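Both of the next two complexes hold chain A, though its partner changes from chain B to chain C.
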Partner chain A sequence: MDTKNPMVRRAYSWIDDRFHVTPLVEFMRHKYVPVHRHTVWYYMGGVSLFLFISQVVSGILLVLYYQADEDSAYESVRFLTTKVKFGWLIRGVHSWSANLMVFFVFVHMFSTFFTRAYRKPRELSWVTGFVLLALAMGFGFTGYLLPWNELAFFATKVGTDIAGAVPFIGEPMKIVLRGGEDVTGATLSRFYAIHIAILPAIFTVLLSLHLLFIQRQGMHEPQYLKRLPAEKKQMMAFFPNFLLRDVLLWLIVLNVVLALAVFFPWELGEKADPFAPAPAGIKPEWYFMFMFQSLKMLPAHVLFMEGEVLGILFFGLAGLAWMLVPFWDIKKKSGSKLDVMTGFGVIALLFIVVMTVLGYLL
Partner chain B sequence: MGFYEAEKTHRVLSIVTAIAILVVFQLLMWPSSVSAEQEAELPDDQCVRCHQEMEILPEGFVPHDVHLQDGLSCAGCHGGDPTSDDEDAAMSPEAGFVGVPSKSETSAFCGKCHSDIEFMRGYLPRIPTDQIAQYATSGHGKGLAAGDVKVAGCVDCHTSHGILPASDSRSSVHALNVPHTCKRCHSDAEYMSGYGIRTDQFEKFAESVHGVALFENQDTGSPACNDCHGNHGASPPQVESIRQVCGHCHVNNMLYFNASTMAVAFKANGFHACEECHGNHGVKKTTDDMVGVGEESTCVGCHDGDAGYRAAEVIREHLRELVSAYEEAEVWRTEVHRKGMDDVEIGFLLQESHQNLIKARTLVHTFDPEKVGEMTTGGVAKARTALELAVEQVEEYDFRRRGFGLATIFITILIVALFLRIRQMEAK
Partner chain C sequence: MNRRGFVSLLLGGGILGWLGAVLYPIISYLNPPKVPEANVQTVKAGSASDFPKNTAQIVKFGRKPVILIKTNNDEFLAFAATCTHLDCIVQYRGDLKQIWCACHNGLYDLKGRNISGPPPKPLDEYAVNIVEDEIHISEMG
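Our next item is the complex of A and B:
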């Protein structure tokens, strides 16, 4: 312990005697982060983590007022945003940080992909990261319904209908998700349970594993950096240098979230009416848009299959292949200019961007 | 190919495609509409068979005619033997053939069944059977009894061989079609000459608040000719009955008017109640300016400087005050809504305030400034509370922005401090 403050030294000794934390402090002291032209991407995971923490904190505050009931869900959210002091801010922060979190997780994933950080020995970091993205999208899907407004109600209907089109398991899966044949109050309480209990439990375990893997294995170094002799490598201490930079970025992101919550308050819309006709312009959350738009653009039948089923199978298989990238990774041949994996990445990224844009334009 | 040529080709192709789709659509639809016409089955008797073969079906014959569809064939009204293929035998007086009734015989001809409740109950248990009796009391019925065959009889409104229930939108007596049916005679100046009745009723009605609601909005709740004049007993409402006619829908206006001192004065002067201020066929959507002492006021037609004149002035002022308070609050509510702030409670208050305005406008028919004032005062209070809430919301909106500004300053200071700390640390 370096500090000269006797109080701090005594406190440290007290803890160390009981929990033997010195090896951990030593580990932290000798943890370094490589500095190179792609270092900026290292911060994306940290930002995602910060936004997840914002989600947890604001989510807990929302739970104090939210009522997951068909008759009072909408009213409770309206009460929260109009009558409760700073309730509007909490809801705004929760909604905006949720969207930003998914965005940064996507950025984190693609930066990991393009820098090949998923390769040995980080295969499981990639797999857990992918599952965390899927869970984040699950958070988004289940959370979208909770205010029980018109758009969310019909978007959930469409979303669960799509899930119902999955061959063999689709129909039972739809009924389990909806808690019956249709989207009702049973769906609401079910989604609420998934949103605040089931997903957080699974997410916490996987996030812990993901962080543990990263701490244990350290930051990935790009190929060209690995080849350099140790004395030519530029390194930065994780604690406190990298962590302080992380905090600096988190503060900027916090300010952005606050600005969005203040200047673009999340609309509540009209209360859902299951007997009303579906309103025009039902759209899923932006991160589902590329899949929604692709399914919309597919013809009703492709050869012997229904277009929608084919689309769902495609996304299922593509997602599986993406998750297992470290296990079928095609390495660039020396001297060759052709990098197959970069090609795959660019195609996937372009597909997502183009389909999302088309979803909002068409 | 240049851009404009390509654009033109694209446009032409789009038009051709649209026409092709329309043609295909029409072709697909055509057989179904033809078959729908053919679906109406005709009774299988000798009258129909011969008249179809000889192509001498009566004018305006419609297979959907309600009588035909209920199994009442030609012989049901005209008599004769529908089983005989011998023309002379089938249409002989011995077989009960009565032929085509004359105009003066028509009401009795239809009344054979329509005035017989025992008979009609078999078809429509709730149908009234007093049409002929009512008709005899109407202007038309009296004219016919006096030998005027130009007046309307049953078939002039209902047609003879294309009768459809009034609930059927194709019927000549459906709510939306009644004014057009009446217009056939009543807007024909030549036909109506000699009766001393104006012929501009339809034009006036079409532009009136009732006519616009009926024709443009297809609101069958809006009155057509028969709703004020009666159906079979059609006659112009009299001085005594006119407020009852309007009051049938405008109940509160009628009750307030009846209880007012004005009702007594109207009766004494032989004024036509509602019609005196609102007109009849061309009744316009009311405005607040109809009350008061302004140019559009109907009050100044009779009152000039008297107590009634002053009352009109006060009532107008009460209404103006409430309208002004309501509109000001509504502007603020729109601003609150535009800013994405909470306007729910403001909306409820304004709804109540507007309700007060509607009630105050109805209370105008009491001609009592105090009663109107009581109602408008309540409305103004609600509008002002709504306004206060709206102002609070706009202030809250500004507070949030100021709060965000302060938070940003604080966060920025932290960011700068951190940045400097990192630089200081790494400079060592």
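Our next item is the complex of A and C:
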């Protein structure tokens, strides 16, 4: 311990006597972050983590007023946003930080992809990261229904019906998700349970693994940096230099979230009515838009298949291939200018961006 | 098989059996029990003369939504209101004289046939009878 404060020293040695934390402190003391022109991408995971923490805190606060019931869910959210002091702020922070979290996880993923940080030895960091993204989208999908408004109601009908079109296991999966044949109060109870108990439990385990891997292996260095001799590499200590920069960025992000929650309050919309036509302009959350738009553009039948089944198979296989990228990675041939993996990444990114934009324009 | 192999098999089998005994009730629990469907044959949907022309209404037929349309020729039509594409509830478009699903822009004609967009199947038709100015909707056949 470097500190001169005798109280702190005594406390430290009390803990160290019992838990032997000195090796851990030594490990952290020798943790460095490479400094280069791509260092900025190292912060994206940290920002996602911070937004997840905001989700947990604001989510726990929302649970205190929310009622997961067909007759009172909408009213409880309305009460929370209009009557409860700062309720509008808590809900705004929850919604906005959820959206920003998915956004930053996407940025984190693509930056990892394009800098090839998924390669050996970080294959499992990539796989756990991908599953965390899928879970984050699951959080988004289940959370969207909870205010029980008509947009969410129909988005859930469509989303669970898509799950139902998966060959063989689709129909039973749909019934289990919906808690019956149709989207009803039973679906709301299930989604609530999934949103606040099942997903958080799984997410926490995977997130811990993901963070453990990063701590154990350290930051990925780009190829050109690896070739440099050690004395030419610029490094920054993780504790406290990088961490303090992380925290500064977290503060900025928190301010952005608060500003968004204040100036762009999250709408509640109309209460869901299971016997009313779907309203025009129905759309899912933006991060499902590219899939929604693709399904919308597919014809009813493609060859012998229903269009939506083909779409689901395509997204299922594409997602699986993306998750397993470290295991079929194609290395650039020396001397060749063509990098196949960058090509795949650009195509995936363009597809997502173009389909999302089309979804809002058409 | 030697003794060690036998014991391993017994233990392994025991663990598999135990997993089955734990997972079976959990999976069964997740699958919601079937709620018996109310056997609705006919529903009444109000007065035929009060129903505005070229409009439609969603009527509860048991637990299913049915769309009841009155055309410009005073003819009543009824179809299952659940889009055959992805389960949204359809609406009548007076301007197009067609049935429209807002979710993915599916269109059906006034015979319930899927004519444009992603819906793969036509809408099921219901019979409409007017008995002393009261609209009666019933299942076909």
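What we mean here is this: the second predicted complex is superposed on the first by the 362 of 362 C-alpha atoms of A that agree within 3 Å, B and C clash if a C-alpha of one lies under 4 Å from a C-alpha of the other, contacts with A are read in each partner's own complex, and residues count from 1 in each chain.
One rule holds for everything that comes next: a residue touches a chain if its C-beta (ideal position, glycine included) is under 8 Å from a C-beta of that chain, and two chains touch if they have at least 3 such contacts.
The structure displayed is predicted, hence computed values, not measured ones.
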| item | value |
| --- | --- |
| Touched partner set for A:P23, first chain B, second chain C, both or neither | neither |
| First (chain B), second (chain C), both or neither touched by A:K296 | second |
| Touched partner set for A:F275, first chain B, second chain C, both or neither | second |
| First (chain B), second (chain C), both or neither touched by A:G335 | neither |
| Chain C versus chain B, contacts on chain A by residue | C |
| Chain B versus chain C as contact partner of A:L248, first or second or both or neither | first |
| First, second, both or neither for A:D161, with chain B first and chain C second | second |
| Intersection of the chain A residues that touch chain B with those that touch chain C | none |
| Touch list for chain B against partner chain A, complex | 340, 342, 344, 400-401, 403-404, 407-408, 411-412, 414-415, 418-419, 421-422, 425-426 |
| Complex contact set, residues of chain A against chain B | 78, 81-82, 88-89, 240-241, 244-245, 247-248, 251-252, 254-255, 258-259, 262-263, 265, 267 |
| Touching residues on chain A, where the partner in the complex is chain C | 154, 157-158, 160-162, 172, 175-176, 179-180, 182, 186, 274-282, 295-296, 298-301, 306-308 |
| Partner chain A, residues of chain C touching it in the complex | 30-32, 35, 58, 60, 63, 65, 67, 81, 83, 85-91, 101-105, 114, 117-120 |
